[in-house]
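In the two complexes that follow, chain A is the common piece, with chain B as its partner first and chain C second.
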Partner chain A sequence: MHNVQVNGEDILKRQLELAEANRRLLEEKRVVAVSVMGAIGSGKTSLIERMIDRLAGQGLHVGTIAADSAGDDDHQRFLSHGADSINLNTQDDCHLDAHTVDHAMEHLPMDKLDILFIENVGNLICPADFPLGTANEMVVISTTEGDDMVRKHPKIFAQTDILVLNKIDLADAVGMDPQRVVSDYSRINPHGKAVLTDARHEKGIDDLLEALGFECTNTQ
Partner chain B sequence: MHEYAVVSELINALLPQAETIEGRIVGVILKKGELRILSDQALANAFELLAEGTPFEGARLIVELVSVSVSCSSCGYEGAVDHVSDEVFHFAVPILSCPKCQSKVDVQAGRELFVDRLSVQTPAETDSR
Partner chain C sequence: MHNVQVNGEDILKRQLELAEANRRLLEEKRVVAVSVMGAIGSGKTSLIERMIDRLAGQGLHVGTIAADSAGDDDHQRFLSHGADSINLNTQDDCHLDAHTVDHAMEHLPMDKLDILFIENVGNLICPADFPLGTANEMVVISTTEGDDMVRKHPKIFAQTDILVLNKIDLADAVGMDPQRVVSDYSRINPHGKAVLTDARHEKGIDDLLEALGFECTNTQ
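So, the complex of A and B:
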């Protein structure tokens, strides 16, 4: 038996190149993009809605890419908050990729936008392997999923610098300890920022915007 | 669950070279970065199925893990990172932070996914055993 060397090109190289192309386009258009990953039902859409309201209130132009397996519910919600939105049905795909985002951006008024939220499919595994080329990434989980979420999906949290724990108002009701999530996260990602929010009652939204690097001085 | 897509891409990329190889391909050695969230078992299962009817049929997909390696712009450190490996997390999780000065780091290795080499057996090699 003997070894034969092969060219060694990365199988996901094309994905990385496309993500890099997205990054360049976003920079050129001066659009700050945020990739919003997270669990199903954790409140990704609600958080984005609240952020749209705050940012639009400051005169900023917000765009959204709403990705779901099917339907356009999230897209409609973003539109109703005044965002320029594109609906993306990934059908049987469990994650967005840079190529899909590239095409979605072709249908958005990129010259007008200041901020672009890209809501990924609800999933805590696959999206982490597919960079989209955004400047910021955040992962959303909620108290109702339990306080062991970081332990169950450590790799995505180890690589994502903002963790949002939403529905913080329900922590007591479901008997979960937010501090357990925060401490697990700080152990595997010492540079990460954990933000506690209650999107429904608009709590913690300014903290989240600050973690994302958006100044919010004149809200509420 | 994108292991099938990954393996399909892998096989297609290797086919031109594989068809020129004399002998039987018995192993495909895949280097997988520690940060990649791909299941080794799912990759092996996908390979077994997708290799049928190709020069890779009957070969094994062997996954070799590439450890995370980083560079620190604060103190100049280059190398491996610490891991959280207590039972809470069940397996070692790399910490993307400088082990010397605790600053933020740039990841230099640990996200790759590529075929490093093929293991090939020629008729002569089989006979000489």
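So, the complex of A and C:
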């Protein structure tokens, strides 16, 4: 992040303080929060929908915060899967920040929730600088974007310990090699876990939940 | 754009002045510049590669400015197609601005160029606020991102008169309806032209060149 001071206040320091306040609130309320970052159209919403279904099937209460520049497409999808959801339109802002998330949580039934998915605005640059105070973070890209996504955005991948490569079923059709993404990622983030998914056909969802630390028994 | 003042200077006004200076330089040098915005991994680079090949085949001299957060993947691809290219790494910045483009042009053989493609950083929010001074602008999305891209990012589509929907060959595989994107776009931008392409299989490239005002004779 740029070292930006506004009226003498260090923006980065203030963001860290706000994120820490969110972290304390989430711990107090015993809500496991997951920050879901990723490319536009990479399948963040579809992956969250699949995880909502599985977690709700375990009797867990799931909340969502859906952020987009405009519209409420994702929010409506989460509602239709039974999540308690808040829609956020960031307009000209290309990312969520901890303060916005704090306000969204004021409108969610935090005492009831077990899990909170926070879907960020779709891009791989801006969200990297704004910690939200969640226990878990993941970043989603998809095979159709090509095999150069990690090399082009090293910062967000270096600091996020779960990479989800979605639309794995389309890798052959677009002539991309998933292994190239996985090896770029392991070079830049040796401790990170790469999970391959196909949200549309419900593949890899249990692997993703496991990487996030959820234990899910497949009841199907 | 947010109304931001830095040291009393209006940032938006300054950007418009810098863009105007670029426009004058491009006119003086008789270079037709095209600003290529769009989603991450939507196929901006592939589309430019195809256009370079066709335009070079007409004896035209093509330059490129390749912008990414990090790396030089796109720049190397343009060089391999014979373009005069400059690589720009924007790091934490999610967009190009007119001043950066001005500096890039100082390193290009502007007296020789006929056409200059400026590939912006991949996202649909930040570049909307920063005019570069080009004669043409286009914004690229792809079918695999879903049919909600225009609704989620109304600003960039309302102000950009060419929408390219790429990877049209994959629409069925991901279950999306291209017509939905086209109709969202025509509602938000009645004067805009929507062009459907499949850069990988070289479909729709002549339509795109025509939309950009280039007359290309197919020599194949």
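Following the convention adopted for this analysis, the second predicted complex is superposed on the first by the 207 of 220 C-alpha atoms of A that agree within 3 Å, B and C clash if a C-alpha of one lies under 4 Å from a C-alpha of the other, contacts with A are read in each partner's own complex, and residues count from 1 in each chain.
Following the convention adopted for this analysis, contacts are C-beta pairs under 8 Å (C-beta built on N, C-alpha and C of every residue); 3 or more make two chains touch, one makes a residue touch a chain.
Note that the coordinates shown come from a computational prediction; the quantities given were computed from them, not determined experimentally.
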{"item": "Touching partner for A:136 - first (chain B), second (chain C), both, neither", "value": "neither"}
{"item": "Which of chain B and chain C A:126 touches, first, second, both or neither", "value": "both"}
{"item": "Partner chain(s) touched by A:159 [first = chain B, second = chain C, both, neither]", "value": "first"}
{"item": "Touching partner for A:64 - first (chain B), second (chain C), both, neither", "value": "neither"}
{"item": "Partner chain in contact with A:197 - chain B first, chain C second, else both or neither", "value": "neither"}
{"item": "Which of chain B and chain C A:85 touches, first, second, both or neither", "value": "neither"}
{"item": "Partner chain(s) touched by A:187 [first = chain B, second = chain C, both, neither]", "value": "first"}
{"item": "A:22 touches, of chain B and chain C: first, second, both or neither?", "value": "neither"}
{"item": "First (chain B), second (chain C), both or neither touched by A:94", "value": "both"}
{"item": "Dominant contact partner of chain A by residue count, chain C or chain B", "value": "C"}
{"item": "Common interface positions of chain A, toward chain B and toward chain C", "value": "1-2, 94, 125-126, 128-129, 151, 154-155"}
{"item": "Chain A-facing residues of chain B, complex", "value": "1-2, 6, 9-10, 13-14, 17, 21, 26, 29, 35-38, 84, 88-90, 93-97, 102, 104, 112-122, 125"}
{"item": "Chain C to chain A touching residues, read off their complex", "value": "1-2, 39-42, 68-71, 73, 92-94, 121-126, 128-129, 141-142, 144-146, 148-149, 151-155, 167, 170, 173-175, 200"}
{"item": "Chain B-touching residues of chain A, taken from the complex the two chains share", "value": "1-12, 94-95, 125-126, 128-129, 151, 154-156, 158-159, 184, 187-191"}
